[in-house]
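In what follows, chain A forms one complex with chain B and a second complex with chain C.
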Partner chain A sequence: MTRSTVDAAPPPVSPPTEGRRRGVRRWHVAGALLLLLTASLASLFIGVSDLSPLDLLEPDEGQVRVFLVSRVPRLAAILLAGSAMAVAGLVMMSLTRNRFVSPQTAGTTEWVGLGIVVATLWFGGTSLIGKMAIATVFALVGTFFFVWLLRRIVLTDMIVVPLVGILLGGVVLAATMFLAYRFDLLQSLDAWMNGDFSGVLAGRYELLYLVLAATVVAYLYADRFSVAGMGESFAVNLGIAYTRVVTVGLVISSVVTAIVVVSVGSIPFLGLVVPNLVTLAMGDNLRRVLPVTALTGAAFVLVCDVLGRTIRAPYEIPVGTIGGVIGGVLFIALLLRARTKGAS
Partner chain B sequence: MTRPLAGPAVPTAQERATRRRRTLVVLAVLAVGATAAFLTVGVTGSWDYALMMRSRRVAAMAVVAVAVAVSTVLFQTVTNNRILTPEIMGFDRLFVLIQTAGVFFLGAGAVTATDPRLRFAVEVVALVGFGALLYKTLFGRTERDVYVLVLLGVVLGAMFSSLTLLVSRLIDPNEFLTLQDLLFASFNTVDQQLLALSAVVVGAVVLGVYRLLPRLDVVALGRDTALGLGVEHRRVVNLALLAVAVLVAVATALVGPVTFLGLLVANLARQLLGTHRHAWVLPGAALLAVLALVGGQLVLEQVFGFNSALSIVINFVGGIVFIALLVREPRQ
Partner chain C sequence: MRTAARPLAALALPLSVVLALSACGDSADAAPAGDPAAGAAEVTVSHAQGESTVPVDPETVVVFDVGALSTLDSLGVDVAGVPEAAYPESLEEYAGDDHTKVGSLFEPDYEAVNALEPDLIIVGGRSAAAYPQLAEIAPTIDLTVDNGNFLESFEERVTTLAEVFGEEDAVADRLAALDERVAEVRAAAQDAGTGLFVMTNAGELSAYGPDTRFGMVYDELGVSAADENLTAADHGDAVSFEYLAEKDPDMLFVLDRDAAIGESGTAAEQVLDNELVAATSAAQNDEIHYLDSAVWYIAPTGLPSVETMVEEIAAAVE
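Coming up: the complex of A and B.
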């Protein structure tokens, strides 16, 4: 990644601030955990069929079934998807040294969509695993293509990078929609792509546990990602196998994106906003930031999901829609803030 | 970048004008040809019926093409940039959002009972007002930073879509059906009354713009130059933005968002005509837009047997062109 944008761009973190030490105290984490726990409980006991915590003391058979088949899997899926997508965004942001790069702004999500359609059309992709494998291949191709494109076009402005990614995603999406249109899949495409946990039931989401493995790998590699994020020459000087580390990072984020999108759909801005907020508060040491990012990501999705289920109960608003609105507002705030700071 | 280096024959102003005129004539012929082909190719059965249906669709396409082309060129002039378009800034999605919110707050019954012309007027006013307010607050501070503008626009557009979806989920499912009819009008199902009204509105706006042309050329030179040359920059910009809002509203109301059409035709027109003068670029872009819409639809229908995938194709091609433009944009 020599001479690229990526090296030219200013480092994503501001240097250690003078005077006031920024950092997250222990009680911040405790607070976040508490919030997550509360929201988790809320998530377990919200739904069409009534189920209160008291019922669990003396449950009847139906209630147990609802709890174990629907509520618990749903919560697990939310936590897994939210934390993994946030971590994937953090890894990409750190590797490209650009705080506006994430699976959603690099077009990875749209490549997954293309993969899903291709799998459905030409590989008789009925099995979830097969679909996931093909979607992963597409995500990998797309992500590496994006990084390759970035290296070829020496851009000085770090805003251009996500812009190119978003538009590239738009082009891929158009191709996907064309295929879907041609073969009458438009409606299912919409259902696949928009993040939605309403279909999560026991037996239908377990592949999501794979992202847990990816997140663990990300954690093990965290220090190497941090160093790689300082630029190729710097990393090589420190004895890091730069290319390999970058490859591992991109593979992790592609695989996570593919699995999450295939299982529950895309949650806009998640991989972008959460890592940004966390690194703004905590700085850039990946090993330190990563667990909090995972926590915050899970909490973000959980809150969106609970909102989606309560705003218009008994109907449900997909989490992707809620996330799109909240995430969009947050992203615009971040963007304006970054620019004002950069200008002054 | 065509720069007349030490070339032996620098064309005179006269020669260039002749060439541009010739280009416009060729475009016009092509556009008329595409229209004629669209009206007649592959008609089976009743000619009267086919012609009536098809001419309505062609008329809708022509109105939309002119609206999109003119609004894009104007928008690029006042923002002084050739990669911005109102659609990329999320204007069309904002319009859809306003319509959805209207149904949500007033109820589908009230909305459909209103005279479509009144409804349209209200929507345009809301779009202009709200858009001006929003974009002013967001962009006031970062006036010259194009990339932030574009990114903000893209994100805003995505957010408007999410909001539209959110509001439409809040709407009673029965009312949602009405809304869908309102929102997802395509070239095939354009309301005749609305079409006539839109044609009149677009015609009026284009006439108004025509009188602005010389001043627009000056505004295109940049704010300081324009002020130095004695043009009321702010007034012209405001008028142009008003025209843009109306045109976008018309185009979106007729057929829904077509994001990249304007970008394609505005840049292509400048390239083909080799000038930035509005008197040339505006008709060129409009003709190109007609050609793209009618010709594209013709090819899709007659060659590939598709009905309404044109906007998808335009987004595909347009996205690639946009990336190329971004990458080639000279940097300070």
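Coming up: the complex of A and C.
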């Protein structure tokens, strides 16, 4: 047993034949795209105000306003946040070689929360950008600490690695809650952290486009992440600057998490469940899996948001709540599956 | 334990004692708590969690409800212990060190309460759950107001306070004036169109309807609700700006929660400054009313608070 986290990696799955792999890929890309398109249409035309695609042919002033100020920005924000968080989860999963490591199980989300509270308390509330900057610093510190810690612990069970992250996150969350409690921010903390797109309007979400850049970098680095995910010695033998690649990966994941959580809040399980489902179906080649992961992540959030808008219309259930329920069920299914596989 | 007096006797007896006490109260040195005479100066009052026998005009008072605190403040009663909270401007003096801090609005610091050796503890709303523990320390009354029957319940609670502190006459006058004013506002509200009460919190929006914590706007002051279906959830129903555009209220009453708890979050004006809100009748007719958040959110059940609240709605509908 080496001392790195690679011990926790699942046993390698025998690669499917070239032909079958392509088939699976096309089917899944098509499936993800179709799901995304349907959900996008639903998102554009489901809401408090009546607005059907036909109305757009001869829209009145109010309908144009609702469409351009509310519906389109909301869709864009969902697509950006959903795809970026799923990709961030995929990158973390690949780099730590553990299916259950994501920004949400590595404690990154909790560090962002601490950053938001610190920014609010000691940096005068600050602008959204200021909050994001401080939250990003916290996310980076927390994520690198998690990875540093993992390299120093011998872990044999793939469940233990995320447990360490969840534990760390729990400690950070406790500190955050204490601060929030002391300064009467508990309910505000809840409003900041729980994923919710109800406040998204034109002019209120554009900082989210920053995650697009991070996602593009993730795609450019995809192959290197894949190799780095095979372990340090393997990667170094292949001529990869292992440390730099891992750093880039962790920075991407931290920055994306900070931006998304500060802008719209956290969507539980998103970075965990989506990459898992996609890699289960398509294997671990990052460059191949990444676009589908992004599409599926966006679709996941879209479906959750549309449900949140429909169930109690005209009121809203925050997408974080719906995502928690759906993601939680999927996560348990994945856990059970991993256990059965490990036992066999 | 002293036996509780019967209600009638409870009313008659302390009244005379209170009059006697207040006549000489200022000149005499403050009597220590548990004064032998206190045996007679007790009153049994009913409150949200039953009945309590409390000393009349108690010496050391601990108040957890900012509403009750504002009532006492306006009656000129000295209070020894208050919670840490974001106080409305009019109660700012209680934020300082002159008043012992006895916990938060929700959670008493039992050590601090105990150390004060209070003669009376007042809870309400947020702190009502701590009643059983506090009642073991000293006589405690719960002045939680029933939102479903706001005015009547509120007046009952204020009258209870007045009874304990011997201020029945002053309070009765003010309540009568308030009732009169409420009737005027109700009449004016009939022709004022629909209204919607919203709260902004960290850039997000929630709406309140009749029977909610801010339902008195509709139930008591007669503003016709732009939406009858809102639930009574403590923090309202989460709504989008589209919802505002769709319900299109004639008047929008805005509570800025960030301001109420002393946070420099996103100001409500900023949250509502968008094209969807700008297109509503409320915005077009300049009928977006930003309320005194601290009064509505932190201290909505005090006598001066309700007077302020009624005037704020009056300004909108008249």
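Everything that follows uses one rule, which is that the second predicted complex is superposed on the first by the 322 of 344 C-alpha atoms of A that agree within 3 Å, B and C clash if a C-alpha of one lies under 4 Å from a C-alpha of the other, contacts with A are read in each partner's own complex, and residues count from 1 in each chain.
Please note the rule applied: contacts are C-beta pairs under 8 Å (C-beta built on N, C-alpha and C of every residue); 3 or more make two chains touch, one makes a residue touch a chain.
Being a predicted model, the structure only gives us computed values, none of them experimental.
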(message) Per the contact definition in the header, classify A:30: touching chain B only (first), chain C only (second), both, or neither.
(response) neither
(request) Counting touched residues of chain A, say whether chain B or chain C comes out ahead. (result) B
(request) In the overlay, answer first, second, both or neither for which of chain B and chain C A:220 touches. (result) neither
(request) Would you sort A:317 into first (chain B), second (chain C), both or neither based on which partner it touches? (result) both
(request) Identify the partner contact of A:175: answer first if only chain B is touched, second if only chain C is, both if each is, neither if none is. (result) first
(request) Using the touch definition from the top, say if A:162 reaches chain B (first), chain C (second), both or neither. (result) first
(request) Mind working out whether A:336 is in touch with chain B, chain C, both or neither, as first, second, both or neither? (result) first
(message) One more residue to check, A:41. First (chain B), second (chain C), both or neither?
(response) neither
(request) State which residues of chain A lie in both footprints, the one left by chain B and the one left by chain C. (result) 181, 312, 315, 317-318
(message) Per the contact definition, I'd like the list of chain C residues that touch chain A in the complex.
(response) 84-86, 104-105, 201-205, 207, 227, 230, 235, 237-243, 245-247, 257-258, 261-265, 271, 274-276, 279
(request) Quick one: which bits of chain A touch chain B in the complex? Just the residue numbers, please. (result) 100, 153, 155-157, 159-160, 162-164, 166-168, 170-171, 173-175, 177-178, 181-182, 194, 268, 311-312, 315, 317-318, 320-325, 328-329, 331-332, 335-336, 339-340, 343
(message) Residue numbers of chain A touching chain C in their complex, please.
(response) 47-49, 62, 65-66, 69-70, 120, 124-125, 181, 184-185, 187-188, 191-192, 196, 198-199, 201-204, 309, 312, 314-318
(request) Flag every residue of chain B that touches chain A in the complex, lowest number first. (result) 138, 141-142, 145, 147-148, 150-152, 154-156, 158-159, 161-163, 165-166, 169-170, 259, 306, 309, 312-313, 315-316, 319-320, 322-323, 326-327, 331
